[in-house]
Structure formats: structure tokens, C-alpha cells
Amino acid sequence: MKKFINDPANVVREALAGIAAAHPELRVDLEAQFVARAGAPRPGKVGLVSGGGCGHEPLHAGFVGPGMLDAACPGEVFTSPVPDQILAATRAADAGAGVVHVVKNYTGDVMNFSLAAELADSDGLRVETVLVDDDVAVEDSTWTAGRRGTGATLLVEKIAGALAEEGAPLGAVAAAGRLVNERSASFAVALTACTTPAAAKPGFDLPGDEIEVGVGIHGEPGRSRQKMRPAREIAALVVDAVQTAKPIGPEPLIVLVNGLGGTPLMELYLMFGEISRLLGSAGARIARSLVGNYVTSLDMAGMSLTVCRADDELLRLWDAPVRTPALRWGA
Amino acid sequence: MKKFINDPANVVREALAGIAAAHPELRVDLEAQFVARAGAPRPGKVGLVSGGGCGHEPLHAGFVGPGMLDAACPGEVFTSPVPDQILAATRAADAGAGVVHVVKNYTGDVMNFSLAAELADSDGLRVETVLVDDDVAVEDSTWTAGRRGTGATLLVEKIAGALAEEGAPLGAVAAAGRLVNERSASFAVALTACTTPAAAKPGFDLPGDEIEVGVGIHGEPGRSRQKMRPAREIAALVVDAVQTAKPIGPEPLIVLVNGLGGTPLMELYLMFGEISRLLGSAGARIARSLVGNYVTSLDMAGMSLTVCRADDELLRLWDAPVRTPALRWGA
Amino acid sequence: MDEALARAWITAVAEAVRAEADRLTDLDAAIGDGDHGVNLRRGFDAAVAALDSLEPATAGDVLGKTGTTLLSKVGGASGPLYGTVFRALGKTLRQGGSFADGLRAALDGVQHLGKAVVGDKTMIDALSPAVAAYAAAAGAGEAAAARAAADAAAEGVRATVPLRARKGRASYLGERSIGHPDPGATSTALILDILAEVTSGDVTARGSAR
Amino acid sequence: MDEALARAWITAVAEAVRAEADRLTDLDAAIGDGDHGVNLRRGFDAAVAALDSLEPATAGDVLGKTGTTLLSKVGGASGPLYGTVFRALGKTLRQGGSFADGLRAALDGVQHLGKAVVGDKTMIDALSPAVAAYAAAAGAGEAAAARAAADAAAEGVRATVPLRARKGRASYLGERSIGHPDPGATSTALILDILAEVTSGDVTARGSAR
């Protein structure tokens, strides 16, 4: 394993130090381990807090700023943050109007965030939780851990963040986040495994002519291993998976073609071309799109497609100004 | 080789089709193979055109938009564009006030752009060329091809673009670009080789415990091969290389910590932390910074440092609004 | 269980986890995200450090402190789950309950939090039979009960191999989770095996081996 | 050189470049960016296509068209350089000059554009001795002159191996460029070797082998 690190045990803290140095507009608490907007929260604004394991950058710290998150708490690599840390971030984001937790649906994240929410509650702090579970590669069932939270997290954070910025109350911000999640479906394909600093070797062996289909964002193997194939066939595969799980109608779509970290932007654009062609010939209408590495899995080569069936209001909130390290427009 | 492509021969065209689909605010000419701002150029504004081989995305097409480039012409992967193509982009960017070509100093780029400039000249179109050669890993000499153009290209395009946007005349825009280049120095380190679609295998073999020091952005081997080492030592190595070549004084610095494509953002931030610490203790002052994958080399794992010794005016132009797919602020 | 035994247990677990971290991580890489060993090592190292600065205290305090430390240092699924295990043990002992009662409370806590049942391919598959075995053998003394619990847990780990996971990250793999032991069940068996060792008197050997 | 020979040459070069593309690319990967074979294949395939639609014409037209096609399809360093070579050949022949004159003009053009001299480890190291050898052997007829040029070019390629590059991408490698032949010199030798073959009469064999 070759990585720009000093000691695997210090990666998160040292990356946070780098974020602090690069972004004076953010407040990085290296002790409590969270990233927040600099300055006190605007009185009366609902706070938006997210978090999860590191290794998905720019998610989440890269989405802290006006129009999106108030605070993010990064855990160790691929490990959810701990309750104390989430509580500290929640306090930093609270301006008296309550705080929304955006939580990706993983056992660890759900438990740590809910313990933090209990702690916040005993502090008299109102917390609403938006659970993101958009990954349709995983079968949904009340008997299992359910679907994973992946690419839609970005959409939830952007849209709930825009509403919070406008001054909407706690319930409305949470409801918007839940609506985005419900309307979204994601599916990912990996061409290579990724390597965590601690493990120091790839999470799985993948022959040179095979791909992992239906992977998540934690380096885990996917639902199946298939033969490598041309981009247009992979595009058909992911579009099909998304469409089968959540049929696409005439709604305006927000489409995210996301890189898992090791895939060049050139290929992501090529995939977006294929996907938009396929969606177009199926009669779907892409109203907004985003192409790039946003919800990553360290150095994994691969891509995910997220489709959100939006409406005019969701598009308006998507278009609203945002000013964060990794997502910025209109401001 | 596993890549999201259909046929290596069509990668550039198909990626351009994806850019066209993703960015309605851009005009993508698939025939002449260039990307320009949508709509006619603003009368009287100096045009800014850049280009070079594909595989460096988001450079250059990702920097087309208000405040930066008027047009970009992407060549085949790691291959400079051809004169006809450059000429077409130059025409698209011309609004009667002349056009500045930002050219990275490679034999192929220099020759093709200069042939295009000759053609433009016979068309009565005024062209000034800004040559970017910031890579201090290469010895500079009039007997050789000289230094390569790498990370500083982004700075040149941003700052010259801002000045052009303000309505400055041809000579001033070109002079600003040249000043940024003169004031900039870059140095890169690779942890892995990259794989071009056509070659289908990594450009060089690198043992698991070695790194290539002083690489460019075309997958070529570097000046030397050294043992892998902790991030803080690699940071010292790149800072030292940059400082030795172009000593840093009390000027405010613009610092770019750039990923070569396959390196996770987490590691780039960690490196920025180390670099800012080193520069700080050497008495240097980082006034602006940028951390991310901007001038890449396909899937190569690695990073480059670019330091520009700025002044108030350059900082002002750096801060000026920019609205492109990959760089956006203030607008 | 007295304070010395509780300290010896946690210290020996930290050591064992350090020694087995790579194996646990590899098991987790196969059907999860490859961090289970790293997570537990971080947690138990922190627990040992926290105990170093703990004033003389009861066994309940030692185990409770271990639980809160795991909770605040581990994260992921195993942080809250093992945090709950040790907090429940600590609380039960502090309230005068038996170790068997503590184990029962730990199991309840983990099931309340994680909603997993036996057969879901989680640490429950080791913990649940271990709790029953401990209770059944409690009359034979601490050492015998701990050994019975450890053996039942080990058996529970083996039983996870053919299962298709329904909880935790392994559930994302569907059919492909079959054929691998569950990492959390494995670490539960390890922790109980260490308990059997320390209660049987190997404690000083282990303690001084540090 | 007549039209048929010119067409045969370009067609055979396209074929040879297709066959040798991987080798040329590998040479370029060692000390450049690994695209030389791909670049030339794209260019000569386009040139053959362009000639297909070219009305009956002179050898000068054929070579000139090849030059402009390379210029507009190849890019990189070799596009303008080989574009210049064939445009110079075409222009010289169209103006009534000899093939030896054309080669001389090609060399001048490449040196004017690229500023390289013999010893810089570029295609000049093959082209320059080849031009001289062709001129020296011109009296012996086209075929003999072409063979002399090809042999001189091949010798020039071998001479590039120990050189440290001063021009082109290989110059970025400094000392590390030593020990490898230059890809552009190699392709120049290949193109001249094909010329020797087609002028010696192997043209039909090659042409029909397509």
C-alpha cells in the first residue's frame, strides 16, 4: 500500500488539520473531531448535521457551508462517528430551532447517531433524523439492515440545507430530506477494490476482466461479480437497476453520476453521456445533473448512478445558492 | 485494463458528448472538437483559449465559463490538439479584441498551437501566446525542450481569465498570464503509473515500496525513483524542490495541492496540512489555497504542489468571480 | 468477579485483540468493510488506558468504564454494541447482580439496540448461546461457567458460517455472505475465551506477559 | 516517384504502422507518454482514407495530401513533424524537384519547426543521415537510394540508444532517457524501410496483402 499518510492511526486527525488549514471559512474542532461553519449559527435557523466514516471525501466535511450542512463529524475510515462527537457537532449547529441529522443507513451510523440524539434530547435539544437508504442494490426488508445510504446523501444534504437556509422549521427541513431520499435510487459498479490505510491491502481480489456489481461505498464486495464490458452496457445495467427499483415517470430528474474515487473524470463524463442517452430514449427528462467524485470509497475505481425524481420545488431548492468546499453555485 | 469506455479510439469524442449532455451552459462542437461558452462571445472581450491532450480533466474543458476560459480544445489522450481544431476554438472565442492561447510547454502543444496561431494570423485574427512551464522537476535550458507546463496552468487560466472578463486588452491579459507563470513553480510525485485507454497497461512498473519523484502529467516516469516514505517527508521533498527552484519570500502565496487522479481527497488534505505547516515554519504566507483533483494524469495516484508568489493584484484576480464546471466562486 | 479479575480480563482482551486484529479485520474484509480488528484494538487500548487512571474501584466500575470508553472510542456497529455489553455488565454488578445476570442484561441490551436474533449472522449468534451456557453452568463456579460460555460462543461462531446474513454490513452481500464466519461473533468468542482463561487462573501469566 | 508508387508507399506505411503500433507505443511509454504508435496509426489510417477519395493526381499531390492529413489528424509532436515531412516532399515534387530535394526540404522543415539537431535523440537522428545517404546514392537509382536511406536511418536509431535526450518528452527524464531508442527515430526508419521495399518492387506483394 502506498498512500500519502504518516500513520494509519492518525489519518483522520491529520486530514482534518489539512482541512482546517485549507478552509478558514470552516471551524475545525480537532479535539471533538467535527467541522462546522465558522462563526456562531444564525439564530433561529435549523441546524443540519451529517457524518459518517472518513474515506468518502468530499462527503461530508466538503459539504459544510451556507446552503448545505452546518456541521459534519467524520469518524475513522469507514467507521461511523461516536455519540460524543455527534453530540458536539449537534451543539455547534444548534441555534435554538432544532437540528436535523442526516444519517446514512448503516447499523453503526444509525446506532451512534441515535445514541447521540438521545443525549441531545436529555440536553433539551430537538433532533430530527433523516435516514438515507437509496442503494437499490440491496434488497429492502424489515428483517434485514435494509438498504445502504450512498449518493442520495448529497442530494438530501443539498436540498434540506437549502430549505434550512431559507428559515424553514425543523419538521419541514426533515420532511424535505426524507422526500428526497424516497424519490432517489442509486446503484454502483466497481472496477477495483479499495485499500483502507489500516488494512493496507485491497478489500477483495478482482480479476482483471471482472467487475463487482452492486457495491456500496465501504469497499465491500457487491451483489455479484460479472464480466467486464463496454461502458454502454454498464450504463444500461445501472440505469436498469435504478429504473426497476424505482420506476421513472415524467418527473424532472436530478441525476448524479458519481465517481468512487479512482475513476478519471473523463470516464465519468463518458458514462454520463451513455446514461443520459438511455434515460432520454426511455422518455425520461434530466432536469439537473452533476458529474464528479462526490461520494467516494477511497481509491476505488468505479461509479454510481443516483436518480432523484424531483418536482419544481425540489429543483428550486437544488438550484438555491450553496457555498461549500466541494459544491458551490449561485453564491 | 478496466475503464468505463467503449472503444479507445472514441474516448475523447464520447467524453465530449457527455460534457455536452451535462453542461447546457457550454457549447460543445463534436465535429471541430472544442468546448466553448454557450452564446456569442461578448463583443470587445479578449478571448482566452486553452487546450491539450485529454486525460487531465477537469483541465481544460472544466475551466470554460465566465471568469476563465472562452474555449478549450481537447486533443486525444495525452496528445495535443491539432491546428484546425485550435483554429476553430480560437474563432469561437474571438470577439474582435484578439485571443490569448494558454499553451503548456510540450513540443507537440507548442508546435500545434503555433501553427494554429499562424493560420489565425492569416485570417486577420490577433493571437498572443502564454507559454506555461512551471514544472521545476525539469532542468531549464535553451538547449532542451525546457520545463513542462503543469499545475500553474490552472492559475494562469484563472487569473488571465479574470482580467479578460474585466475588459482588459490583449497585451495586458497575456502579460498577466505570463507573470503568473513566472511566479509559479510546481513539483509532482507519483505513487503509481497511469494507464491510457490505447496502451491498456500502466506506463511503467513501480514496485510496491517505491515512488516516482518529479513526474509530469502524461504518465511518463519521473526524474528519479525513490523509496516510499511518510507523507511528511514527501511534503518536505516537494516543498524543498519548489523552494530551491524559485525561492519564496514574503509575498502572499497561492498554493495548489493537486491530485493526479487516483489519490483520495483525504490524502490531499493531509498533504496540504503538512505542506502548510512546512511553508509556515519557513516564514511563508499562504494567502489562498486550493486542494483537489484539477490537473490530473488519468488514474495516476500522486500529487503535485504548485506555489505562486502573488501580490495584491493577482490575489484580487484570483478572488474574482468564476463560474465553470470545475472551479466556481463568487458567481 | 472482583476488581482485579475485571482489570485482568480487560487487559488480557486488549492484548488478545491486538494479536488478533489482522485476523478479525480480514474476516470483516470478506463480508464487511475490513475494520473490525482495527475498531476493537482502538477501543480496548483506550479502555486499558482509561482503567490505568481509574482510582481503586469495584469490578462493576471497571466494566462500566470499559463500556463507556468503547462507546466513545470505537464507533461503527461494534462500538455501541460492545459498549452496551460492558456497560450492562458494569451496571448489573454495581447493582449487586451476578455475572450471569450481567450477561443476560448485556444480551438484552445488544438485542434492543441491534434488533438481531439468533441466525442473523451477528455477534448475537455467539453471545446468545454463551449467555445460556454460562447460566446453566453457573452452579459449577465462575471458571467453569466462563469456559462453558466460551465454548458455546465458539460453537456459535462456527454456526454462522453457512448462514446468510440478515443484519450488519454482511447483509448487503446477500447470498455471497454464506461461507464466512461473522467477525463480531468471532470477537465475542475471543472475549469470552479470555474470560475463561483469566477466571481459571491464567490471569497472572497473561498479566505479566505484557 | 510516380503516383502509384507514392500511393503504394503510404498504403504500405499505414499497414506497417498498424502492425508495429504496439511496439512504437511501448518505446514511447519507456521515455515518453506511450502514444506514438497510436498517433501514427490514427494519422496514416486517415491518410489512406483521404487518398481513397483523391482524384487521379501526381505523386506530389499524394504526398502533400498525406502531409496535410497527418497535420490535421495526429496532433502531438509527431503530427506537425511528419506532416511537415510529407508536405515538404509533396511540395518539392509538385515544383519539379527530385525526391532527394524533397527529403532535404523535409529535414529543413522538421528542424525549423522542432529546433532539434543530430544527437538530441529525436527523429532527426534517423532522418538526417538518411537524407544524406539518399543523396549520396541517388545516382544508383531510386531503389538503391531508398535502401541506403533506410539503412542509414536504422543505424541512426541505434545511435540514439546511448544518448541523453535534449528534445521532446524524453528530455524530461534526464539521465533516465539513456539506454532506450527514440520512438520517432524508430518510426522514421520504419517509414524509410517501407520506401525501400516499395521502390524495390515488393509494392504489389504488400499492396495485395491488405
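Chains here go by letter, A, B, C and D, matching the order in which they are written, and residues are numbered from 1 within each.
We take it that a residue touches a chain if its C-beta (ideal position, glycine included) is under 8 Å from a C-beta of that chain, and two chains touch if they have at least 3 such contacts.
In this text, all values refer to a predicted model and were calculated from it rather than measured experimentally.
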Excluding subunit B, groups that stay connected where the other chains sit: A, C | D
| item | value |
| --- | --- |
| Most distant chain from subunit C by Cα centroid | D |
| Gap in Å, rounded to a whole number, between the CA centres of subunit C and subunit B | 53 |
| Centre distance in Å when subunit C and subunit D are each reduced to the mean of their C-alpha atoms | 73 |
| Distance from subunit D to subunit B - Cα centre to Cα centre, in angstrom | 32 |
| Centre distance in Å when subunit A and subunit B are each reduced to the mean of their C-alpha atoms | 29 |
| Sequence positions of subunit A contacting 2 or more other chains | 77 |
| Complex contact set, residues of subunit B against subunit A | 1-7, 11, 14-22, 54-55, 57-58, 62, 77, 191-192, 208-209, 211, 228, 230-232, 234, 257, 261-274, 276-277, 286, 289, 291, 293, 296, 298-299, 301, 303, 323, 328-329 |
| Residues of subunit B touching subunit D in the complex | 8-9, 53, 75-84, 106-108, 111-112, 115, 137-139, 143-145, 148, 196, 198-199, 203-204, 216, 218-221, 223-224 |
| Residue numbers on subunit C that touch subunit A, as the complex places them | 25, 29-35, 38-39, 42, 71-81, 113-114, 166-169, 171-174, 176 |
